[in-house]
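Data first, discussion second: the structure below is written as structure tokens.
Read from first to last, the chains carry the letters A, B, C and D; within each, the first residue is number 1.
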Amino acid sequence: MNDTNTTLSVLKAQAEKFLEERNWKQFHNPKTDSVNIAVEVAELMEIFLYDNSSEDAFITLEKKRSHVEDELGDIMLALCVFAEIAKVDLAAAFEQKLAKTAAKYPVEKVRGRKEKYDEY
Amino acid sequence: MNDTNTTLSVLKAQAEKFLEERNWKQFHNPKTDSVNIAVEVAELMEIFLYDNSSEDAFITLEKKRSHVEDELGDIMLALCVFAEIAKVDLAAAFEQKLAKTAAKYPVEKVRGRKEKYDEY
Amino acid sequence: MNDTNTTLSVLKAQAEKFLEERNWKQFHNPKTDSVNIAVEVAELMEIFLYDNSSEDAFITLEKKRSHVEDELGDIMLALCVFAEIAKVDLAAAFEQKLAKTAAKYPVEKVRGRKEKYDEY
Amino acid sequence: MNDTNTTLSVLKAQAEKFLEERNWKQFHNPKTDSVNIAVEVAELMEIFLYDNSSEDAFITLEKKRSHVEDELGDIMLALCVFAEIAKVDLAAAFEQKLAKTAAKYPVEKVRGRKEKYDEY
């Protein structure tokens, strides 16, 4: 299984099967499942915590690639559990958001400019 | 685009194109991109913050489905940016983690039992 | 040391001394230190992850009180490091925010009503 | 009110009064209150999201100091609500954790060394 040959439905179906076989769906709901994603993402952030430059972050990535993949696996699983429990289409959500974001930041206005990133 | 007909490579390629067209890759690295995912996930969590039961969380989900999809779009975009910048295969990471987790919680031992969830 | 006899300055001074003695201030800055708080808060959240009702959360609290205190210690330390590095006054920040929040939710309008919590 | 003249008990009492006056304690529990802290910390992180060096993070801090204080106010309020609801002593938790951390990283072994930070 890899990103080239795997649709999101396949991942969601596997996450659903995992829960179903264990009769665990009863413990899941959108609140708990969103917290679950956050807990896993925090473990990914922790890997890079004391990297105080881009260079350092890329060095850590190479040194700890398997740890990074492990945490990403947790995030993907938590995300697919959420999507399955909440019945959300991740690709459609991505598509809509990308269209919105692209419209908000037109290439000709923002190309190479970091200022966008300061507009919180 | 939907989960049934979309591979993760397609999403990653679109995220990459979005950054490339704006010459924004220079502002990205694994630390920043992991924090970005966390910021977006917090916005998803916030939707369900005061739901103090599963029922309430599902009610909120239906009332705010488009808000939920919007935040999931942000998470998917941030996740694909991370995967693209860090050159990680999300489906492979998912597959490895699911196999590990399934081995850790064998169906015959944990079926229907919540205790697993208390073993932090 | 307890909440009744301890000012925030005392905690901040101890956090500062801890860093200074180890010559560790060089590794700190507001970005890293904010991520540090988030990582510690995620560990607190994880304790209550599968509590799907208020009752369950309070039961977990009693069962795991020392774990909860341990994670709160981490959060307090990370928060004081941030405040020390960023030169922020936590009590003043609290006071301003409480005044603002109290004005936003006047007692006579919101008393006993959960709706406030839905105004994201 | 400032860090020099304010004990944590004073902040916790004000947070408690705020909830009590609005009859809002019924909506709080340790799970929700831990998620609340996480949501507020994410807003602090977001301020520094695209600062890819320590220098940039300190520049952002000065440019957005009032925004930073605002988010810290939210964090302090959420933290004091948690402490009040869960009946935890923050100063005692801090003291215990600092003692533990100081013992784990003896000055003579770690002085000026970043390696500690890589031992996750």
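The definition used in the following text is that contacts are C-beta pairs under 8 Å (C-beta built on N, C-alpha and C of every residue); 3 or more make two chains touch, one makes a residue touch a chain.
No experiment lies behind these values; they were computed from the predicted model shown.
By number of C-beta pairs in contact, C-D leads when C-D and B-C are compared.
Centre-to-centre separation of chain B and chain C, using mean CA positions: 26 Å.
Centre to centre, using the average C-alpha position, chain C and chain D are separated by 3 Å.
In chain C, the residues that touch at least two other chains are 27, 29, 31-32, 35, 38, 41-42, 45-47, 49-50, 52, 54, 114, 117.
A complete topology is adopted by the chain contact network, contact being made between every pair of chains.
Within the complex, the chain D residues that touch chain A are 31, 35, 38, 46-47, 49-50, 52-54, 67, 114, 117-118, 120. Across the complex, chain A is touched by residues 27, 29, 31-32, 35-36, 38-39, 41-43, 45-46, 49-50, 52 of chain C.
Residues 1-12, 14-15, 18, 21-24, 26-27, 29-32, 34-35, 37-38, 41-42, 44-45, 47-49, 51, 54, 56-58, 60-61, 65, 68-70, 72-77, 79-80, 82-83, 86, 88-98, 100-102, 105, 107, 110-112, 114, 117 of chain A touch chain B in their complex.
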